[in-house]
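Data block below; observations after.
Chain IDs A, B, C, D, E, F and G follow the sequence of writing; residue 1 opens each chain.
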Amino acid sequence: MDGLVITPMLVVLVAAVGTLLFRRQPRVRLAVSLSGAVGYAVAVAALAWYVVIAPAAPGIATYQVGDWPAPFGITLVADGLSVFMLSMVATIGPASLVFSARYLPKYDRRTFYYPLSHFLLLGVTGAFLAGDLFNLFVWFEVMLMASYVFVAYYGGPQHTRAAFWYVALNLVASAVFLLAVGGIYATTGTLNMADIAQRLADPAAAGIDPAPVVGLLALLLSVFAIKAGLVPFQFWIPTAYRAAPPPITALLAGASKKVGIYAIIRLSFTVFAGAQVPVSLPWVSGSSPLAFVGPILFVMAAGSILVGGLGAVGRDSVEGVLAYSSIGQVGFIAIPVAIAATTSSPTLRRVGILAALVYALNHTIAKGLLFLAAGTIESATGTTDLDELGGLAGRSPALSSAVFVGTLALVGIPPLSGFFGKLLVFDTAVRAGAASVLALLLVGSLLTIAYTSRAWNRGFWGVRTPAVEDAAVDPIQVAILVGLAAAILAVGVEFESVYRFADAAATAALDTESYVEAVDPQAVNGGEQP
Amino acid sequence: MNVRTWPVASLVFAALWVFIRGVELAPAALVGQFLFGLVVGLPVAFVFRRLYVKRIDLQQGVYAAPYAGRYAATFVAELIRANFDVAYRVLAPDPRIEPEVILIPLRVRSDIAVTIIANSITITPGTVTLDHDPETNALYVHVIDGRDLESVVEPIRTWETYALEMFTEKRSPDDPAPEIIVDGGTGNE
Amino acid sequence: MIREAIVIALVLVGSFFLTVGTIGLLRLPNVYNRMHATSKPTTLGTAAIFLAGFVSFGPGSEGLTSLIGIVFLFMTVPTGAHMIARSAQRIGVPFLEGVTWPAESSQARRTDETGEETDE
Amino acid sequence: MSPDLTVVIIAVALPFVAAGLTPLLFRLFGERTGYVGAAVAFACFGLLASQYGSDGTVALSWIPSLEIALRFTVDAWALLFALLASGIGVLVFAYSPVYMHGESGLARYYAALLAFMGSIIGVALAADLIALFLFWELTSVCSFVLIGFHTADRSSQYAARMAMFVTVGGGLFLLVGLLLLALVAGNVLDGSAFDLAAILAEPEAVQAGLRERNLFVPTLALIAVGAGAKSAQIPLHFWLPNAMAAPTPVSAFLHSATMVKVGVYLIGRLRPLLTSTEWLFLFATVGLATMTVCAALAVASRDIKELLAYSTASHLGLMVAGFGFTSVVGAEAGVFHLFNHALFKAALFLVAGIVAHEAGTRRLDELGGLRRDLPVTAAVTAIAGLSMAGIPPFSGFYSKELLFEATVEAAYGLGTLGWIYPAVATIGSVFTVLYSLRFLALFFGRRPDGLGRVHRPPILLLAPPALLAALTAVVSVYPDLAVRAIVQSAVDVTVTDPHSMHVGLPRAYSPAVEMSAIAIGLGAVSYFSFGRIHGGIRSIPVAVPPIGANWWYDVAVDGLTETGSRLASTVHNGLLRTYATWTLATTCVLTISGFVATRAVVGATVGIEASPEIGLVLLVAVVAGVAVVLSPSHVAGILTLSILGFMIAIFYILASAPDLALTQLVVETLILLVFLLILEEIPEYYEVGLGKVARDAVLSIGIGVTAFLTVIVTTSARSEGTSDVARYYTERAVPEGGGTNIVNVVLVDFRSFDTLGELVVVAIAAISVITLLVMRSGGDAE
Amino acid sequence: MSDPTMGAPVLLEMTVAGALILVSGLCVLCSYRVIRGPTVPDRVVALDTIATNVVAIAVLFALLTGRGLFVTVSLVLAIIGFIATVSVAKFVTEGEVIE
Amino acid sequence: MTAVVLAAVVGSLFALGTFLLLRRDLIRVVWGLAIIGQAANVYLLAMGEIAPASFEAVPILAGHGEEASHAQTADPLVQALVLTAIVISFGMTAFALVLSYRVYEEHDTLDLSELGDQD
Amino acid sequence: MTTVIMRTTARAVVPIILVVALSLFVEGHNLPGGGFIAGVLTTTAFALLYIAFGLDFLERGVLGRDIEPGKTPSRDRVVIAYRRVFSFGLAISVASGLVPLLFDLPFLSQTYVEFENVPLYGHLELASALAFDFGVYCVVVGGLLTILSVVGAE
């Protein structure tokens, strides 16, 4: 059954290759793409069932690619955290692909849209499953490489420009990532994440000096913050999100961004948290690298909330608002992580991670819905400029209702998924007794109301513009949006299950011991076979 | 014996394979690798068969061999001379340099002959092939010491003679060599 | 022992000619003349070192490969030099004082610009 | 008697279900869907009425892990509110079809109205903090949709967004307050953190717990912000008059009778838990201030609905103030006035709707003397208006009298300064009388000449307000009826030490009577100078804009938009150098502080023995790098870059990595080739000026130092010899990998998964390049 | 193939090591010409020379370590050097590498 | 391998790459990216400890029967990693180059400061 | 246009490069080389053809297809062929990784078989990783040639 761990990757990889091979047969290619999408969702669901949900589920499963034992071969690890993240992707990924099938016909004959989107999913999935630091790097690169051209996809000045910024910043980040990988290998003598954790937890036994890991973690944090779009690493986001085709932006915001978040949580909490390194600076001190991560994340999150929120208020296009909103929202996700890193209470730590995960889940679905909706609007009216839109609510009630639900989820209205994200994030701050954090969260939430209501008023209410009057809204696109809106509601109504899932994820994220035990890196003298 | 080029080429490639793979000088290994080389060389030769003339005359090859040897001998001699020549020029406190550019019309016309001569010129003393003029079939040669052009041109003419024998050429070695052109009258530049 | 001695000698010869080539590259006055220095001695120098390889590893094994290396060098270095020289002449890198262009044909291709490239 | 869970759930859920079905219902019934709504409301009313007299909590499991459940408490206070909501709901639904005839978007209208009613019933009954918040926020959302009903109308949009901002924003504060409460309750009560019924069962313990943790005042303040925002308390009152952009039935239902009272309701609900001196100061002050200021603003109004809106805010202030006073009589004032106000103000709004509908205008100065045109309406207005003014013996008088008593009682308790409360209350009442008279003048004053023919309203428009007026009349005549029916028991819920309540016309002198007399007398007298007072108050915000209702909001929102757009273009200025600078500088700072934090830098030991040829080669690489920076042209730069690549290849050779050297060189050459291919297409470009070289240099050095430190720190931490993994690969390559080239075996066997990813990257690079070039015109084809 | 267990005799090893350093040093000198030019062909010639030096270095390294496989490496380096030179030269001459 | 020399080289290359990255010329920015990538590779390789040149150091075993003396063999893992990294960064660089050409084509300038405003 | 010298040298050198590349590929498991290096080297051989003979030569001079005069050659056709090569290569690599699943082994498990006493060769080894590496070779050749030809056509 551990074979299930790699199945999502294989499904999406085969789909990618299939769409590449069947480029001349549009129908076959579409069939491959769609069955790949569905297969992916099924594979993730099966994996989630096997690892976390089923009665007597093991909670963690590992896969040794190529049959080499850890830490020598590459390990894939599906624990609660990975599976939770994958489930998010399995929601938005297929939605985006199916949406693309309706959105794309005019381009897809000439380009590699389908293989690229499957490769993007492959990278994301690989990053969530990788149990090896360098392998994580590789899947990061696959994800990035697939996303680069999407930003430049439409080929106009603003697209190429956005892509160039995106590429440039991320290439630097890749080099920094390598630096960190090299440093960690030098310091710990291994690349297997479980092995790293094991060795850091008992440096004397492994005969290593763990002192550099905090600085190396800082390098990694910078890299992941770029993917997550945390201030001051967010610069590429507004233009890139606008430039990419909407279904891809939905993936960038819904999946790629989460890879950044995931990596921060995985490495800080699962891998490095146990390192026996005293940290002391004028403003922080503690006994683990987490003490260092907390304040940094907090500052980044605060910046993100403010820059994203304020920026979104001033935008004049649907995608502009959504892009800035993504910056702000990732701040909300980072806040509880920061608290989790700072606190010494195990409960609060778990609550913090849990809050971040639930918030991230909502962001994936809701922001995915909204970006897809931007695509629908764009393909129906030819614009997403708020000045050229108006009266959409009357023109397409179904579209508007779905968008309304997505918007309310962003604002955090119960019983939608967004509410629980907000509830848990606020709750984390309340439990931490952090008044300043609460103030920040309140300001951020007010900004959310400000920009969502502004965009709504300008685009959906108001006098119908000619563009809207002549709009031809695609019913299947809208059906996908309505489906996502239903998912938003379902998450809220059935929050008990989601909570348990997220709880398992948070627990897994913090449970270094089980992680190490499951991967079971061979003893220092790598001679013996299992 | 006029045969298709590409099977012959594949044999050459197979031999090349043996050299590149660095086979030990044991008959079994040599034959084994040669066969392996054929497996690789045949498709390569077939795919790229249009790169070469369609057929070649094997007898011509046999006939050319001694000339090739003589060519090589002259070449190596010139090569060694060339290097000491350059070393002298480079290391001398006051390098003696009186460069000149000359145009050498060729008698050989086949691609391979022109190329071999041009490259030989470059590797040997005091001369570097600058360019080949396809219309007049002449080589522009940069001469580092242009005071005694005859001695510069002499070995070139010798090679050309050998080359006329080695390759299927219209002209015979007995044809008079055209005069080199030194000054086009445009003066200094 | 003899083999070692030959190898040492070849390495020394090779190093010497490589050095000559480099010094020529630095010392000689313009690109055409520098090319004389680089095309001949570096080829021979490298060939000598390859030959050292042949002696050391040969006659079979990598010795054979060394021979191919030599052949390859003799095929390509002059062609490379020719390409560079041609490009220099085409873009109008001037010859030394007193050099005349043999204007049998195609004078037109001699570009009008004189003087060194603008990049200095 | 314990409530019946099924009945309660149905009462809450029925409106939502109906709301969900509205598109269908509307297809079936068209505009008559309103009557279906009335039926639903009536059913809810009936279901709730069936629980009359019961008291207790029922729960439906929702999120057991967080101990969140759909808990509902049925008690008199809850029933009072829920019955009012569903009862007035019946009337509003019945009123709507005629009033809204011919409007578009009615399906949305009824759906929102139904959902709203469900939410209000939910808030009333909720006994779980999260459930309470759920319904609370839903009322705001429904309100947003309904205020923005005329979606094309800018003022509707403006008002809807403002209401959303204030009420949902206020809701956030409430949420934090509730979470604080839950945090403490969770500790004090051992578990049941979100269980409001459990919390209210132990008010002292919880309050003590809050105080112990210094969380009492924050909790109180946060809840007050939420409640105050919802109930339009100063300074968050401004949204309510704007909300009058909603259709009149909505105004009657949401913005006077029910939703705005949710704040008051919650204050009443939490009163036993949080009552204290702080409570008194907070709510009495805010409430009375709201009562007075908004009454004055009502006087200054020019529009019927605006007048009623300010009046509503003012009366909400009265209720808040009543609950604010810690005496029992204060709670009586709050509860009873909530009841009375719901009846008379809903009637008045519906009247305003009739007037606007039949006369075609809502401007006060264009209306007057309508009693002959609309006699029945005039009678309704008289009853409701006098009740609003607090003239005995109308119902409003009783509850206002209770407030006066409470202020006086408080004043006795608080000393000299405490007399401000009665004084302010009296002044507020003067204004109340004033604007009530002005409203009555619509019917009983002079008929303006410009007013055209005014039709009689259809019976279906008239019946609902008439019914409400009749109820008001009944309460006016028999106040005890209401008290005995529900008000008394509702009051008991909101106080800690209940005692029996008496209302009726005063039979003896008391300060409260005197206050009423002053208010009515002064109001009546000053009515003759109404014009001057009206103009005077109007001129204040003109002279001092910050006093104006919307001024702050506009400044804040416009400021936000402006700041947002400026911030975005400042931060994201379109310059890669800016982006890279921030990104890299942050990376530098973080990393260096990371190394400093663990003293890794201090502990680093540095080796110096060098292999000369490696040193030389790397030196050339660096020199080449410098040359690339200084290169005068693109071609020169690329060639120099190639040296760098070659040197690194040599480095790989010297480091015994033949595969790497090969790869590096072939890749380097291909890159060179691609560079040249690209250079063919672009011109040489020379950077203009040196600009910010110094700044860039500093950053570059920073990055260099960071990388330098990383190398130093990690090399010194590196343990001697090869790693276990490397040893394993070396040992296993031949026996298990079947290859002597260990690197290759690692690539295609041990770590072939990496190689697969690498392959994918190469494939993507190829298809990306094709896509880039093929999609050239794609942007135009959009 | 030389016997790896015996190792290269000292004199040979010293000579080869010295040559290695020398040729590395030559690369430094050549890079002067790449960087200073003055003309693009100068740079190309110098780069070509570096490429040839790299070939030599690989063979020398083969001699130093007794690893014949570096001879194959050097052959590849020679190929690469040729292609690099030719493409730049053509670029300079014709303004385009592939027409 | 000496730490200081290596550190200085990696540091300098990073610094030079960064400096180029901050230029206004598109092509120079790409150079900067390429240099930074190279520096990271050098560093990564060095993290496996650079073995002194010898027969055994080369991570290619002499024959199928030979015993490996891993005390002197250079770390094959980092070599494999660097190889992967080189290939990946090659793909990225090639793409970035073509992209920069497209940027030039769309904006008709190589000056990054002329690419215009955001959003 | 390049000179006859260049073109002739290219004719001679290209097969050498190809043979070297294939040799590196075959021996990659035991000596420096492997799919990637062989692939890039193969690409450079084609690049050399492109440089010496121009972009259309491959179609005309190697594949022997005629191009109608005055018409731009269908470069797309070549690009499509390259694209097929890398798609195919990727498929091979993935498929070679999937095969072990049939034998209930993890993805990308490799094995090798040894043949003893083979005439001429004696001891021979065949590693399954060769299939994976062949995929690598195809992806690299197809991918890089795609880039070169597409960009070169600009």
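The criterion applied here is as follows: a contact is a pair of C-beta atoms (placed from the backbone, for glycine too) under 8 Å apart; a residue touches a chain by one contact, two chains touch by 3 or more.
Being a predicted model, the structure only gives us computed values, none of them experimental.
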Key: subunit A to subunit F, fewest steps along touching chains   = 1
Inquiry  = With contacts counted as defined, which of the two, E-G or A-G, has more C-beta pairs across the interface?
reply    = E-G
Ask   = In terms of Cα-based centroids, which chain occupies the most central position?
value = A
Request  = Calculate how many whole Å lie between the centre of subunit E and the centre of subunit F, each centre taken as the average of the chain's C-alpha atoms.
outcome  = 20
Key: Separation of mean Cα positions, subunit E and subunit B [Å, integer]   = 24
Request  = Let me have the rounded angstrom distance from the C-alpha centre of subunit B over to the C-alpha centre of subunit G, please.
outcome  = 30
Key: Centre distance in Å when subunit A and subunit D are each reduced to the mean of their C-alpha atoms   = 26
Key: Shared-contact residues (touching 2 or more other chains) in subunit D   = 568, 572, 574, 576, 580, 584, 619, 633, 635-636, 654, 656, 658-659, 662-663, 666-667, 669-670, 673-674, 677-681, 707, 709-710, 714-716, 718, 723, 725, 727, 729, 731, 740-741, 745, 747, 749-755, 757-758, 760-765, 767-770, 772-773, 776
Key: Residue list for subunit G, restricted to those that touch at least two other chains   = 2-3, 5-6, 9, 13, 16, 20, 23-24, 30-33, 36-37, 41, 44, 47, 83, 87, 90, 94, 107-108, 110, 125, 143, 147-148, 151-152, 154
Query = Tell me, which residues of subunit F touch at least two other chains?
reply = 14, 17, 21, 26, 29, 39, 41, 43, 46-48, 53-54, 57-58, 60, 62, 64, 77-78, 81, 83-84, 87-88, 91-95, 98-102, 105, 115-116, 118-119
Note = Touching subunit F in the complex, subunit A uses residues 134, 137-138, 141, 144-145, 148-149, 152, 155-161, 163-164, 167-168, 171-172, 174-176, 178-179, 181-183, 185-186, 191, 238-239, 242, 315-317, 320
Touching residues on subunit F, where the partner in the complex is subunit D = 1-29, 31, 34-35, 38-39, 41-43, 45-54, 57-64, 66, 68, 70-71, 73-84, 86-88, 90-95, 97-102, 104-105, 109-113, 115-119
Of subunit D, residues touching subunit G in the complex = 658-659, 662-663, 666-667, 669-670, 673-674, 677-678, 680-681, 737-741, 744-745, 747-749, 752-753, 755-756, 759-760, 762-763, 765-767, 769-770, 773
Ask   = Which subunit D residues qualify as touching subunit F in the complex?
value = 568-569, 572-577, 580-581, 584, 606-611, 614-615, 618-619, 621-622, 625-626, 628-629, 634, 637-638, 641, 644-645, 648, 651-652, 654-660, 663-664, 667, 670-671, 674-675, 678-679, 681-683, 685, 687-688, 691, 696-697, 699-701, 703-712, 714-716, 718, 721-723, 725-727, 729-731, 733-734, 740-743, 745-747, 750-751, 754-755, 757-758, 761-762, 764-765, 768-769, 772-773, 776
Request  = Spell out the part of subunit E that touches subunit F in their complex, as residue ranges.
outcome  = 4, 7, 61, 64-67, 69
